[in-house]
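Take a look at the structures listed below.
Presented sequentially are two complexes of chain A, the first with chain B as partner and the second with chain C.
Let's turn to the complex of A and B:
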């Protein structure tokens, strides 16, 4: 156990050193922030659409999706970093020194979590500046933050698995694309009830839908579907944890 | 023989999917405290063996125990006992030397205070104290190699793997690294498994040398024994006065059979006596010498004998004179 944590903190420490050594560590927040700057004002009229009722207003409605995008992309970016470490051979240093190699995965996840705290906060600040209203209590916000962190862990584990399977920077698109698809095939601009046709069908199957919907209910101060959302998020973590371990096994076999 | 800090390899094989049998049934054993030199040309399978013994690559078949731990079933035991500097040093260009030391020490679970002390001590030892706060991106090839060696030593491993540690180093850095490796083996009792393409390096450092070619060990013994198998050394003498060449040949003839020499010189393969007795004999005849040298059979001669080929990049140019 002690060996596991030594490795975890060593890997995380180095990764954070890399992240904070460069301003681009905020990159996962870039798209959500841009999105706010560009659309939050103009799109607020969507709130007038018949059937759209969201107490906290359209900016808050969008914030939740933007936040989940930032944390999910944070996981993807960590995946890119892992792929880079395997491509350059630096990961061998971890593999050869770590008594417990599971600590390598945990270390990357931990670093990703710390990083996402920064990028998530940035999105939050920008949303506040853009005039977001928060109706939820502190406890509700805590729930939202919790959901976001679990999503970040799931995305990081997914990226980690792909990166360790492919061990080249070319893993990038294969990490990013599925995450983007999940994010966009969700109720992005309007609630699920207002979606129609195939998009509605896909969105209702998308695990992120439950998470986003509950996240929005937190900020509106009316939490709904909380157990389902957390169960979904933790299931994603469980599945991608296995996935990441498969990636690690593959990397172990490859030299 | 103590089993704990040695290496035992039995019939190790590694096949790559679209490649050759990179390692084709290698068996060897390295005793604790021994320096074992693995000598072979490009693509012989040296790195593949090192990767397997350091648990980075599983073998296709065969077994090996490192520090008493099975490389497949007890990988974490192996990893805790070994240090390794691989052929391509795994360094992060954006971290400093000291940050690397700290990282490596944390990976091995050293306490915070110890990390700092041990890191500084090793950086000093490999002459990187000055550069410790600089990013590795700006290090020279030799500095990277030395940092990699220091990193491998952080947790005081009992067994050290060095894959071509001096390739690409200038002669000065090379001999500094040799000193360091020799020190580790003699003073600290570290078992060293070292691969090299340089005959001289194997000869200088290794207690025993395994010559590997196309995935198989073709010869294995102490450097002296390997060379002795090939034959006795030869002496080549160049008189100051060209007219004395015949006289020189006559004196040399007392010590053994003549062998080809460069023009203006005479040479014999020594059957008895040594360089000193030859010098005394020439001196007794009052012949002034311009040059006198002892040419030992080299490991290259051994390699040539065993494989029918000469080792690449070794003393090619020099031998064609005769």
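Let's turn to the complex of A and C:
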């Protein structure tokens, strides 16, 4: 156990120093803020569409999507960093030196959580400045944050698995594109009930839909579908944990 | 135009077009991503047509300008990255030792942008018509739509070229990609300006030239022949192209002096 945590903190510490030690860390944080401003600002009248009922208003409606985008893309960017570590040869040295290699995955996840707390907070501050209304209680907000963190862990494990399997930064689009697609094939602009045609069908099957819908209900102060959302999020973590371990085994085999 | 300059332009144009077409990794995403985003937006914002004053029958018609605008952005990135590659691998240095005219180099480079813009416009129009986009300006509106789209691509292509000449790095050009994206999203691309709510976003969209480019293209699809929208659209496209060309020429001169 001691070996596991020493590796975890070593990997996480290095990742965080690299992340916060370079001003370019702000670039990935800018994307969710940009999407939030573009959608909450440019589409605010969509909140007036007949049948659109969201008590906290369109800004809050879009905030939840932007927050989940920030945490999910935070996981993807950690995947890029892992791929970069393999390309530079650092990860191989780490594989040789680590007494418990599970700690490597855990370290990346821990660093991603800290990183995503920063980007998520940035989106939250921008949303508050933009006049977002929060009808949920502290417990509801705690639920929303918890859900976001679980999504971050799932996305990080997914990115970790792809990066360790392919061990090249060219894997970037393979990490980013599925996450981006899942995010956009959810009810981004309007609730699920107002979607029509093929998008409604795809969104109904998209695991992120349940998470986003519950996230929005938290901020509106009327939590619904909480067990389903958390069960979905934890299921994603379980699946991608196996995926990340498969990636780690593949990296080990490659020498 | 003297024959030597014509030969230079045709050789460099051919190189640029062939190089573009030989890179499916560059061409295919520029065709797929705009259509995917169109599909997602058209599906997700169908209910926006129920807003009082919404100017189109379907959101698909309204949003059809989106892939054309996004393809212009791809044109900028393509021109910039390709030129940056020429700078990075020393091709420009070798060209500088020849009596080649900088104007020929610029024209040749922009030919690749035109080729890509024409392919994109042809694909988007074909797919659009198949999935039910109704172009109100009719058959004659199609070449006008393509012309505005290509002109817009050329304008953005010049911006990409300026970035390449100033930075000499493909990575630096790529890093400006989100900025072009911001330009598109902070315009009237998703809703008409009258429905933007009157706040800060409407103010930004009103001063953003991209809004007028989008509205020019969109007018051909959802209105028919709207002289004002077309005049503004073509006016801004020509202005963007002229300013971009001027900036690229200055940057080219500076770069050639340095080379």
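We take it that the second predicted complex is superposed on the first by the 252 of 255 C-alpha atoms of A that agree within 3 Å, B and C clash if a C-alpha of one lies under 4 Å from a C-alpha of the other, contacts with A are read in each partner's own complex, and residues count from 1 in each chain.
Here, a contact is a pair of C-beta atoms (placed from the backbone, for glycine too) under 8 Å apart; a residue touches a chain by one contact, two chains touch by 3 or more.
Since we're looking at a predicted model, the values are computed, not measured.
Once the complexes are laid over each other on chain A, chain B and chain C both fit without any clash. After overlaying the two complexes on the shared chain, residue contacts for A:199 are found with chain C alone; chain B is out of touch.
Once the two complexes are laid over each other on the shared chain, residue contacts for A:187 go to chain C alone; chain B is not touched. By the touch criterion defined above, A:31 lies against chain C but remains apart from chain B after alignment on the C-alpha atoms of chain A. In the overlay built on the shared chain, the residue A:52 is in contact with chain C alone; chain B does not reach it. After superposing the two complexes on chain A, the shortest C-alpha to C-alpha distance between chain B and chain C comes to 19 Å.
Those residues of chain A that touch chain B in the shared complex are 2-3, 6-7, 9-11, 13-14, 17-18, 21-22, 88-100, 252-255.
Interface of chain C with chain A (complex): residues 37, 39-41, 43-48, 50-51, 175, 178, 181-182, 185-186, 189-191, 195-197, 199-201, 204-205.
On the side of chain A, the complex with chain C involves touching residues 27, 30-31, 34-35, 37-38, 41-46, 48-52, 184-185, 187-190, 194-200. Against chain A, in their complex, chain B makes its touches with residues 48, 51, 54-58, 76, 79-80, 82, 84, 86, 88, 90-92, 94-95, 99, 102-104, 106-109, 151.
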